[in-house]
Amino acid sequence: MAETFEPKIVAFVCNWCTYAGADLAGTSRTKYATNVRIIRFPCTGRIDFMLLIKAFQNGADGIIVSGCHPNDCHYTSGNFHARRRWMVFKSLLDFMGFPTDRITFSWVSAAEGKKWADLVNETTESVRALGPFTDYKNLDFTQFNQIDHEGIAEQSR
Amino acid sequence: MRIGYYPGCSLQGSGREYSESLFAVAEKCGIELEEITDWNCCGASAAHSLNHDLSVALPARTLALAEKQGLEQILVPCAACFGRLATAQQELVSSEPMRSKISNYLEMPVQGSARILTVFEFLQEHIFPVADQFIVNKLNHKTACYYGCLLSRPKDLTRLERPEDPMEMDAVMEKAGATPIDWAFKTECCGAGLSVSRTDIVAKLSAKIVEDAVSRGAESIVVACPMCQMNLDLRRKEINKQMDQGSDIPVLFVTQALGLSMGISAEKLGLNRHFVSTGKVVSCVGRKEV
Amino acid sequence: MENKHTQNQELSLKQQVKKTVGVDVQTCYQCGKCTAGCPLNEEMDLMPNQILRMLQAEYPGYENEILTSTSIWLCLACDTCYSRCPQEVKLPQIMDFLRQESIRRNLVNPKSKNILRFHRAFLAEVERNGKLNELGLTIDYKLHSLNLFQDLQNAPSMLFKGKLGLIPHRVQNPSEIKKLFKKING
Amino acid sequence: MARIGVFICHCGENISATVDVEKVARLASKLSGVAFSVDYKYMCSDPGQTLIVDAIRKHKLTGIVVGACSPRMHEGTFRKAAEKAGINPYFCEMANIREHCSWVHPKSDETTQKALDIVRTMVEKVKNDTALFPIKVPVTKTALVIGGGIAGIQAALDIANAGHQVILVEKTPSIGGHMSQLSETFPTLDCSQCILTPRMVEVAQHPNITLHTFAEVENVTGFIGNFDVNIRLKAKSVDFSKCTGCGSCWQKCPSKKIPDEFNAGMSFRTAIYTPFPQAVPNKPVIDRANCTWFTKDGKCGVCAKICPMGAIDYTIQDEIINVKVGAIVTATGFDIKHSDFFPEYGYGKHPDIIDGLQFERLASASGPTGGEIRRPSDGKVPETVVFLACAGSRDKAKGIEYCSKICCMYTAKHAMLYKHKNHHGKAYVFYMDIRSAGKSYDEFVRRAIEEDDVNYIRGRVSKIYEKNGKLMVVGVDTLLNAKPVTIEADLVVLATAVVANEDAESVAQKLHISYDKHKFFAEAHPKLKPVETNTAGITLAGACQSAKDIPETVAQASAAAAKTIILFSGSELTREPVVATVNRSAAPVYTTCTGCFLCQEVCPYQAIEREEIRDRAGNLLMNAARVNAGLCQGCGTCVAMCRNKSIDLQGFSNQQMLSEVMGLLNEPFE
C-alpha cells in the first residue's frame, strides 16, 4: 500500500508558555509526532499572521499557533491581541476561501507538556486527513509578471 | 395594562377570603383582574414530591392558557401556587428540551414568557400608586408581618430585597396605618403541606411563630399565603396546646388589612370566615394611639 | 458513567442525583448549616447534612438507609437550607428525587406512608377534576389513611364558614387532565 | 559574508541516543554560510566552551549556532563564550535539538532530519542577527512605600536602614494600620501596641524616611529605576510646623458625635482629632466632612480660638507634590466584611453581633471599654459569648471562596482573652476546620480548648435572632450526629472575611499592576516571585496581596525591601536589549512611521511615546512613535500591529522571523 503522507506542521509559539511547555514535554520524555517544527516568538502578540501565509507558501501543510492561556500572558495582554487579530485575519482568509482548518489556535501553558504532545499529535492527524496543501504549489507565480494588454484593451472599450 | 389572575384551588376553598379581599381592594382602586380561563391546579407539594414532570406540566398548562389568552403578566396571590408556577416557568425558560417535552405532553405550545407577579409586586405596582386616595382609616395597631417560606425563598424567584428580613409586606401594613414589629420568625416555616398528614408538626412549628409574634406585642399576624393562614388560624386549638398560655391573636390576609383601611366592610373582606375572631383588628380601625 | 466498569450496572444514588437532579453532592463540605436551619431537624431520623454525607460516602447499605428514612418525606421544601448553603447545594431538589426513588424502589418508610397517601390523594383529586377540592381530598385521604376522626371537629365549621365547597370545582374538560396524567405516568 | 559555526552537542547520550549527531554536523557544514561545523560530547563543559572559543577565533566566525538543549537552559552560557571569543554575544543562537527533538522522538531518520531542520533554521536566523548591547537604565535610589501599616513600616525601616531614602505615604492621619487596633497578638499574647509603637516612632525619627500622612498617591508614570509619582497631601487644616500636639483643640471641639474609625465605630471622636493617643505623628487634622466650620460655612471656629500656637488654618488646600523614585513597595493592607454583610445574622441590626476588629477594640486597654469586655448595646459584661469562624469566608454563595487564614488563630485568641477576663463566662466557637499551621499555632489553639475550657463546636450557624435580650445562635454540632444546638448568647463575634480594600482596584490601575478577581494584588509568580509584581520595580508587602498574619506580613515586607535594596545596589541597572525600536533615517525621510500610534494602544507598558520631529528651524515636520527602552518589556505586540513595519523588535526582528520560516521549509523536510 502507498506510504502514508507525512504533513509538515509549523508551530508558532510564545517563549513563556508553549515553548516552555514543549520543553517540559521533553524533560518528561513525552513522545509525539516528528512532523512539527517550532518557531519561537517572545509572545503570540508578536506573531505577524502574514508569516503563516509565508509558511504555507513555502510548503507547510498545517500550522499551530499557541501561547499562554487567557490571563496568563507574561506580558499581560499579548495573547488577547493575538486572539483578536486572529479573529479578524481568519474571517479574511475564510472570505478568500483559504482553508483555515489547517490552522490550529491553542493555549498551552508551561506546565502542559502532555497537552502540547496531544496538540501536535491531533493536529498531525487532522492535517494528514486533509492531505497535502497544494493550492500554493499549483499557482504559477510567473503569470503575475505578465501584463494582459488585450484584457486591458477589452476593459477600456 | 391587562393583569391576568390565577386564584389557585385554596382561594376557592379554605382561603377564599383572600381572593374576596383582594378583589374588594382591586375593585376599590378600579383595577381589573382577568382570570385565566380554565386554569388548573398547580400540583402543589404533592406533584413535585412524587413526579417531577407532572410538577412542571401542571403549572405549564396554566401558563400556556395564559399565553393563549395574551396575558403578559399574571398575579398569583397564593404563595404555594406562585412557587410552583415560577419554578416551572424557570425550568421551561432555561431548558429547551424540557420545553418541547412539556408542550408535547400538553399538546399545545408553551413559552413561559408571561411575568408572574407576587401579591407584593401587584400591590406595589398597581395599588400603591392610587391607594392613598382610598385609605380612610388608620388600622392603628402593632402587627407581625409573616411571609413564610414560599414568598421569601428562593430569592431569585421571589425577588425580595432582604430575603432573610423582608420589608415588602411591612410597607403595605404601614400604608394601612399599622405598626409592623421587628420579629424573628418572619420567614420561618409553618409546616405547610403537612397540615393534614402531620398536624402535630404543623402545630409545633406554628406555635413558635405565634409565640414570637405575641411575645413582641403584636396584636395581629398578617399573611399572604392561604396555607400559612390556615395553619395559624384553623389549627389554633392544636397550636395553643403547644404554648404555655394560648393566644387568640387573629391571622389576617394582607389584603384584608388593606381593605379595612380602605373602609371596606368586614363581610366583603371575608373577615367572618376566620376561626380565630378578627374582631380585635376590626375594632382598632381608626383607634387613636397604639 | 462513561467509565467502562460501571457502564453496565445501575448508577449509584450519588450518580443518579448528579444525572437527574444535576447536583453534585461532592460540593458539600459538611458544615451542617442546612441541618442547623432546618425547621424539621427535631423530627428527622437522618439530618440533611448526614444524607448528603451518606450520598458522598456510598458505603454499602447507605442507599437503602437513605431511601427508607422518614426525613425525605418530612422535608417541606421550604428552601431554608438552600438559601443559606455556602456551597449552593440544591438540597430540596435532591429530596424530591429521593422521594421518587424511594417509591420506585418500594422503600417508603411505613411511618411516612400517611404523607405519601396524602400526596397521592391530592393528585388523585387533581387527576379527577383538574382542580383540588379540599372536601374531596379530605374524604379521599381519610379513607386511605383510616384516621377518620382527625379534623372531624373542623369540617362542619369549615363548611359553615364556606371554606369547604360541596360542589367540586372542575376544569372544563377533565378528561384532558386525565390524559395528561396518563401520558406522564406512561 | 557570514561565517557561521555550528556546534552539535551529544549531551552525553541524551541527544546522540536518538539523533545521528555526526550526520547533523556533517550536513550542517554544507549549509550556505556555514564555515565550520563540529559535534562534541558536552558542549557546555569547559573543554566544550573552549572548543567554541578557539573555533570562533581560528575560523574568524561571525556567528554561532549551538545545537544542544533549550535556550532557556544554556543560552547564557554560550553567549558568554561567544563574547569571550570577541564577537557580540547576540550572534549566538541555540538550536533546541534536545527538549524539542531527541527526547520526544525515537531513534530514526526523521528525528535526525528534524534536528538538522532545527539547526538550519537557526543558521538562517543567526545570519540576520545584529549586534545588540545590554541597556543601561539609571536608578533613582529613593523608594516609595505606599501604606503605613506594619508592612509599610517594616519595608520603610529596612530600606532606610540600608542607607536609602524612603518616602512613606499613609492615607489616614496616622501610621500604624490595623495592627495598632489589635489588643494582644497570637500566639504569644504580647500587646500589639507595645511592640508596634516603638517602630512607629522609629519611622517618624528616621533621617532617611520622609513621612506623608493624610496623603494619597495620585498617579504614577515612568518605569523601574525612574518612577515619577504625584502625591496628594490632603488639607490637614493644621499647620504641623506650629502645632505642638497639646490636644486642647480636640478637647474643646463641639462636634463630638462622629463614629470613631479607630474604635471600629464603637465610640465617638471629634471633628478635629488624632486617631488614637499613640498616633504618629501625634498632631490632629480636621475631618472637614464633619466640621461645622466647613459644613455650616464659618460657624464655630473654636479650635482656632483655643489653639495657643495659632496652628489651625481653615484655608489650607490640598497640595500635590511630585517625587522621583526608583522603586515602589505596595503595602496598602486589607479590610474586613462587617456584620451587615450577613442576612441570616440580621443584616447588622443587632448591636451585640460584632466583627473581629470590634472585639479587638473591646479587649484592648486603649479601647472604648478600657479593656473590659462589655457588649455595645447596654455595656453589660456578657456571660456567654459565641464566636463564629468562617463568617463569610469559604462561602461560595457569598462570593468569597477563599480561606481568610487569620480567623482560626484570632478567634482562639479572642475566646482566650474573654475567658482570662471573665473566668466564669462561657465561650463557644463554631468552626468548620481549625487551620493553625504555624510556629506554635496549634499549641495555642489547644491551650484555648484545654486550659481555658473554650467549647469548640464543629458546625456552621444558620441563623441568629434576638429574643428577650438574648441572641439565639442556631447552629449544629456535626460531631454529635449533627445535633441541632441553639445557644443563648449575650455577645456574638463574627470572624468576618478578610477582603481587599475598596480602593484596591484604583490603586492597582494607578500602579499598572494586576490583581485577582477578589481585588488582591497579583504577585509575578506564585512560587518564585512572591513579592514582585509583573511591573518591574514594584513589589508587594502584606495583606494587599492576600490575607496574612503579622509574622508573614513582616517577612514579606522585608523581602520587598530586600528586592528594592538589590535594585539600588548599582548606580544603573542592566536590561536585556530585547526591546522594540522605531526606524529612523536621515532627512528628508526621518522615519517610515506615519504616527498612527496603533502601537501605543496595544502596548501593555505605556512604553510608546510620541516624538515630534522638527527641522533645524524648529518647525514641526511630523509626529512619530518612539520606544522608551526602560519601559519596553519586548513582547513585540506593537510590531505585529504596525501597518508598515516601521517598528521592529530586537532579537526577534521581522527579518529574523521570516528567515526562520524560510529556512525551515525551503529545503525538503524528509
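Going in written order, the chains are labelled A, B, C and D, and every chain counts its residues from 1.
As a working rule, contacts are C-beta pairs under 8 Å (C-beta built on N, C-alpha and C of every residue); 3 or more make two chains touch, one makes a residue touch a chain.
The model shown is predicted, which means the values in this text are computed figures rather than measured ones.
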Worksheet item: Which chain has its C-alpha centroid at the greatest distance from the C-alpha centroid of chain A?
Response: B
Worksheet item: So which has more C-beta pairs touching, A-D or C-D?
Response: A-D
Practice prompt. Point out which chain occupies the most central position, where each centre is the mean of Cα atoms.
Written response: D
Worksheet entry | Whole-Å separation of chain centres (CA-atom averages), chain B against chain D | 54
Fill in: Chain centre separation (chain A, chain D; CA means) in Å
37
Fill in: Centre-to-centre distance between chain C and chain B (centres being mean Cα positions), rounded to whole Å
23
Worksheet entry | Per-residue multi-chain contacts in chain A, two or more chains | none
Item to complete: Pull out every residue in chain B that's touching 2 or more other chains.
Response: 163
Worksheet item: For chain D, what residues touch not just one other chain but two or more?
Response: 344, 463
Worksheet item: Who touches whom among the chains?
Response: A-D, B-C, B-D, C-D
Item to complete: Under the touch definition given earlier, write down the residues of chain A that touch chain D in their complex.
Response: 6, 8, 10, 19-20, 22-23, 25-27, 29-32, 34, 37-43, 45-49, 51, 54-55, 58-60, 74-78, 81-82, 85, 117
Response to the item:
Within their complex, chain B touches chain C through residues 9-10, 12-16, 38-41, 43-55, 57-58, 61, 105-106, 149-150, 152-155, 163, 188-189, 191-194, 196-199, 201, 205, 234, 237, 272-275
Worksheet, complete the sentence: As the complex stands, chain D meets chain B at residues 343-344, 346-347, 349, 463, 465-468, 472
Worksheet item: So in the complex, which bits of chain C are touching chain D?
Response: 29-38, 41-42, 47, 49-50, 80, 84-88
Worksheet item: Along chain C, where are the residues that touch chain B in the complex?
Response: 39-40, 43, 74, 76-80, 82-83, 96-97, 99-100, 103, 114-120, 122-123, 126, 130-135, 138, 141, 145, 150-151, 153-154, 157-158, 161-165, 169, 171-172, 177, 180-181, 183-185
